[in-house]
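Structure record follows, encoded as C-alpha cells.
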Amino acid sequence: MDAILTLLCKDQPGIVHSMTTAVLACAGNIIENQQFTDPTTGLFVMRTRIETSESLAKTTKILSEGLSHLNPTLEIRESATKKRALVLVTKESHCLRDLLYLQELGELPVEIPLVLSNHEYLRELVESHGIPFRLLPSGKSEAETAIRQAIVEHQVDVIVLARYMQILSEGFCAAYPGKIINIHHSFLPGFKGAKPYHQAHDRGVKVIGATAHFVTADLDEGPIIEQDVAHVTHSATPEDLVSLGRDIERRVLSRAVKLFAEDRIFIAGDRTIIF
Amino acid sequence: MDAILTLLCKDQPGIVHSMTTAVLACAGNIIENQQFTDPTTGLFVMRTRIETSESLAKTTKILSEGLSHLNPTLEIRESATKKRALVLVTKESHCLRDLLYLQELGELPVEIPLVLSNHEYLRELVESHGIPFRLLPSGKSEAETAIRQAIVEHQVDVIVLARYMQILSEGFCAAYPGKIINIHHSFLPGFKGAKPYHQAHDRGVKVIGATAHFVTADLDEGPIIEQDVAHVTHSATPEDLVSLGRDIERRVLSRAVKLFAEDRIFIAGDRTIIF
Amino acid sequence: MDAILTLLCKDQPGIVHSMTTAVLACAGNIIENQQFTDPTTGLFVMRTRIETSESLAKTTKILSEGLSHLNPTLEIRESATKKRALVLVTKESHCLRDLLYLQELGELPVEIPLVLSNHEYLRELVESHGIPFRLLPSGKSEAETAIRQAIVEHQVDVIVLARYMQILSEGFCAAYPGKIINIHHSFLPGFKGAKPYHQAHDRGVKVIGATAHFVTADLDEGPIIEQDVAHVTHSATPEDLVSLGRDIERRVLSRAVKLFAEDRIFIAGDRTIIF
Amino acid sequence: MDAILTLLCKDQPGIVHSMTTAVLACAGNIIENQQFTDPTTGLFVMRTRIETSESLAKTTKILSEGLSHLNPTLEIRESATKKRALVLVTKESHCLRDLLYLQELGELPVEIPLVLSNHEYLRELVESHGIPFRLLPSGKSEAETAIRQAIVEHQVDVIVLARYMQILSEGFCAAYPGKIINIHHSFLPGFKGAKPYHQAHDRGVKVIGATAHFVTADLDEGPIIEQDVAHVTHSATPEDLVSLGRDIERRVLSRAVKLFAEDRIFIAGDRTIIF
C-alpha cells in the first residue's frame, strides 16, 4: 500500500523521530517527507508518503498510537483513494471547464460526483461530461441546506467555488473550515466594489492576478493557497483584462484543487503551508 | 540630428497625417513611431523618432507650426541630450546603487547631478561615484525649499525617490506633476500600516511585488509606471521577503527611470501609456 | 465599417504619410496604428485599424492605388470577418481543447470549419462541439492531398498543428508560407531526440517552455510567434514536466492563433514582428 | 550552536530515523529539515538545521558515528561560519558588482578574500570595496597554477566565474567537482558560436535567459543550479538583449552563489537538488 500521512501539531522536540519510529513499526518505507515549523503559530506540519505491506487499518492504528503523545491532527489515506470535490458554479464556465478537462486527463486526482448551480446555464456542459448537475433552490438558506445535503450524500471532501457568485453565510463557512476553496481576481493595488477589471484598467495597472484561498467566516479573504499574475500594458482594454483574468483564474483554481487533492496544504492560523 | 518628438492632444482625425506632413517639411525621416488613443480620456499620444539634417531650433519651429492646430503638448529633443535626474534617498541603498551602476554602465541614459538625503548615511557611497551629495536641512518646509533650489540649480528633469522616507507636501507634489517617480512595495492583497512585509508574511501571500509610480498631490498612489512581482512560499521568513522585495524594487525603479529618460511615458488621467 | 489594414514593404521615406493620405481619401479615421522597421531586413510593417463609411471594395481600391508606389504587400479586411482555421491533431487533446474552448467563449475570433486527424481518437470530442471531424487517409502523400483539398474547400486562412505528430513534406510547407502554425516544447538547454521531457528531467532543468512558430520548408524551426516558460524544481517527475508542458503548450498555441486571427503577426526574414 | 548538516547517501530504509536518533543523542533540536530521494540516481539527500548546546566537535563526532552505517557524505558546520568565495572576472562588471553589493548588504553570506582576473580592467572597482585584486599571469597553465595557489592560500570553498572569459582546463575542472560555479546566457532555441544575443535577435526569440551551473570536465554544461528568463519583443535591438541579458545573468549568478553559501545544493549525477 502507498499511503499519505499528514500530521499537524504543536512544535516540540522528537516529532520526526516519533514518526520514523512509528513508520518502522509498520514496516513502512518513507518515499517522500516534507516538514515545516511555522514561526508565526509555532505549529509543526509534516507530509509523509510511505510504502508498507500492512493494511490501511493496521497502519492507522500503529501510527495513531505511536504519535498520540504529540496530540496531533493526523490523517492517513491510501494514495489511490481520490478526494471527492463538489463544484459550485453560476454562469461563467472557464474554471469549471479547466477542472473537468484536467480531471478527465488524469492530472487532477479528484472525483466530481456533482455540480451544483444557482442557474441552469451550465447544465448541458456538465452533463455532456457525464457528471450530474443539480439546480439549487432559490433563497440563501434553502440553497445552503441543499448544498449541505449534497455534501453528506456524496461524502464530499472539498467544496470548490468555481465562480459561484453567491456569498455563503457565516454559519456555512464555519461548518467547513479548510474545506471551501474560492477563486478571485487580485490586483496591485486592490480595488473595492463592482467591475474591478474596469477599475484596474482606469488606474493603468501593469500586473493583474488571481488568488485561490480557503473561505472563512470572519476573514475577508481566508488563507491563501495559490496566486499567479500576468503583465499587461496600456493597450489592453477592460475586456482584454477580463479575458486574461479568466485565464489566470482557471489555472490558479485548478492548481489549488490539485494541491488539496494531494494533501499538500496545511493551515496554520491565517497562512497556508504548501508542500 | 536624431530627435525624439512626443505629442499629446485630444484625439481627432488627421493627427498622424499632420505629423508626417510636418516631418517631411523638415526633410525628416521617421525611424520609429508609436501612437495610442486612450479610450478612458480620449487623449491621443505619439512618440516619434526622426532623423533630419535640420537643426533642433528649425525642426522645433516647423513642427510646432505644422501641428499647432491640434493644440498639442509637444516636446522635441535631441536623442543625445540626456535627462537630468535628482535622486533623493534616506538610508537604504539598494535603489540608489542600481541607478548608479546602470548609469555608469551606459544603460540608463541620465545624468545625476546631485543626490540629496535627509541622512548622512549614504554620503560615502555617492561621493565614491564622483557625484555630489548634499544633506537636506531639518524640517519638511526647509527640506523642500532646498530640493526646489537644487531642481532649479541643476535644471532637473525628474526627481527620483529612491527610498526617500519622507512624505512630500501637497504643494511640492503639485508643483512637479509627472516629474516625481517613487517606488514602493505592492502585495496581493494590499496591506496598510507599518511592517508590510511582516503583514504579508503573516497572511501567507504567495506573490510580492513593487510598483514605480508618479507622485501626485491628491492620489494615494499616482499613475503607475511599472510593476513587477516574484513568487514566494511559506518557507520565506519576513526577512526573506524584505530581501526579495529590495531586489524587485531596485529593478522596477530603474526600469521606470529608464522609460522616463527615453520619453516613453505619457500620462492620461490616472493612467500611463508606455511605449 | 471597421477594417484592419496590414502593409509590408521596403522601408523608405513617406510611407506613413502616404497611408494617412489614402485613409483620409476614403474618409477614414485611424483608430489604432502600429508600425515597425525591422533593422535586420530593412522591411517596414504597419497595422492600422480604421473606421470608414465607405465599402470594403471602395476602401481597398483607394488604398491600393494610393499606396501602389510603395510596392507593398497590402491586406484589408473587415474586422468582423473571422479567419478560418483548419486544425490538425493526432491523439493529444490539450491544445485542441483550448482552441475549442476559447473559440466558443468568443475570445478566439476564428471559425474552425473542420478538424483533420490521422487517428480516430479525438472524433467524439470534436463532434461534441458541433465541428466536423475527418480522418486523413494513410500515407503522407495521400494525407497531404486531403489536407490541400480541405484548405480549398473551406477557404482556410491558417493551418494549426495542434499536436499533429506527422512531419509535413517540404513541398507542403513551401506551399503555405506563413500559414502553418506549430507548437512544440522548448528547453534551456535544448534536447534532441525522443522523450525530451525525460531528458530535461535527467539534466535537472529549472525552466521548461513551449514555442509556437510558423512552419517553413528549410528551417528546423520557422519564425517564432510566441514563447512562454514555467519554473520547475528537482522534485518534479518527468510526468510532472509533461503535464506542466501541456499547460504551457496549450496557452502558447492559443495565443499564437489569436495573434494570427487579429492580423498582428508580420514575417520579416526569420523573425516575426508582433503587434 | 546553530548548525547545518548535509547528508548524501544511497537511499535505504531508516535514514531519517538514524538522523533523528543521532540528533537526539547530542541534545539537538531540529529547526529545519528537507530531504529528497532522486529517482534517477537513487541517492538520498537531506539538509537539516539544528540547535544544540554541544560543541561543533562533539556534535560532529556523535553524528558521524551515529550515521556511519549509511556510508554517507556528511558535512556539519556552524551556521555562523561563512563560506569563502574566490571570484574570477575578466572585463564585464555586472555579475561582480551584484556579488559585492549583496555581500556588503549582508544578503549573501560569503566572504570574498580575493578577486582574480586576466585583465587589470576591474582592479579599481574591486579595491574600492576593500577587497584584494590580483592579476593572473599569462598562459592558461600559469593562470591555473595561480588560481590553485589562491584556493589553498585563502581556504576557498567555491570558485565563482563571474563572467571569466577563459575556458578552464579539464584537469582544473576535475580537481574541484561541485566547487566551480559559472553563469551563461540561455536561449530558446539555443545558439552556437559567437554573438549569441545577435543570433537570438535575428531569429526573433521571445524569451531570453541565463543559467548558473557547476563546471565539470566532461559535460558541455554541468549540473544546472538556477535559471531565469525574461520576455522580449521584436522591438528589442541586439543591444537591448545584451543589456537585459546582463540583468538576468547577475541575478541568476547571485542566487546560485547564495544557494551554495547556505548549503542548499546537492549534486546527484547530472542534476542538482535545491532546498
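Assorted remarks:
Per-chain numbering from 1; labels A, B, C and D assigned in written order.
Definition applied: a contact is a pair of C-beta atoms (placed from the backbone, for glycine too) under 8 Å apart; a residue touches a chain by one contact, two chains touch by 3 or more.
As the structure is a prediction and not an experimental result, all values here were calculated from the model.
Taking the CA centroid of chain D as reference, the farthest chain centroid is that of C.
Looking at A-B alongside A-D, one finds more C-beta pairs in contact between the chains of A-B. With centres defined as mean CA coordinates, chain D is found 37 Å away from chain A. Taking each chain's centre as the mean of its C-alpha atoms, chain A lies 41 Å from chain B. The set of chain B residues touching two or more other chains comprises 36, 231.
Within the complex formed with chain B, the residues of chain D that make contact are 93-94, 97, 101, 105, 107, 128, 243, 246-247, 251. Contact residues on chain B toward chain A in their complex (touch as defined above): 36, 38-40, 186-190, 201-207, 209, 211, 221, 223-229, 231, 233-235, 237, 269-274. Here chain B touches chain C in the complex through residues 13-14, 16-17, 20-21, 23-24, 29-37, 231, going by the rule given at the top.
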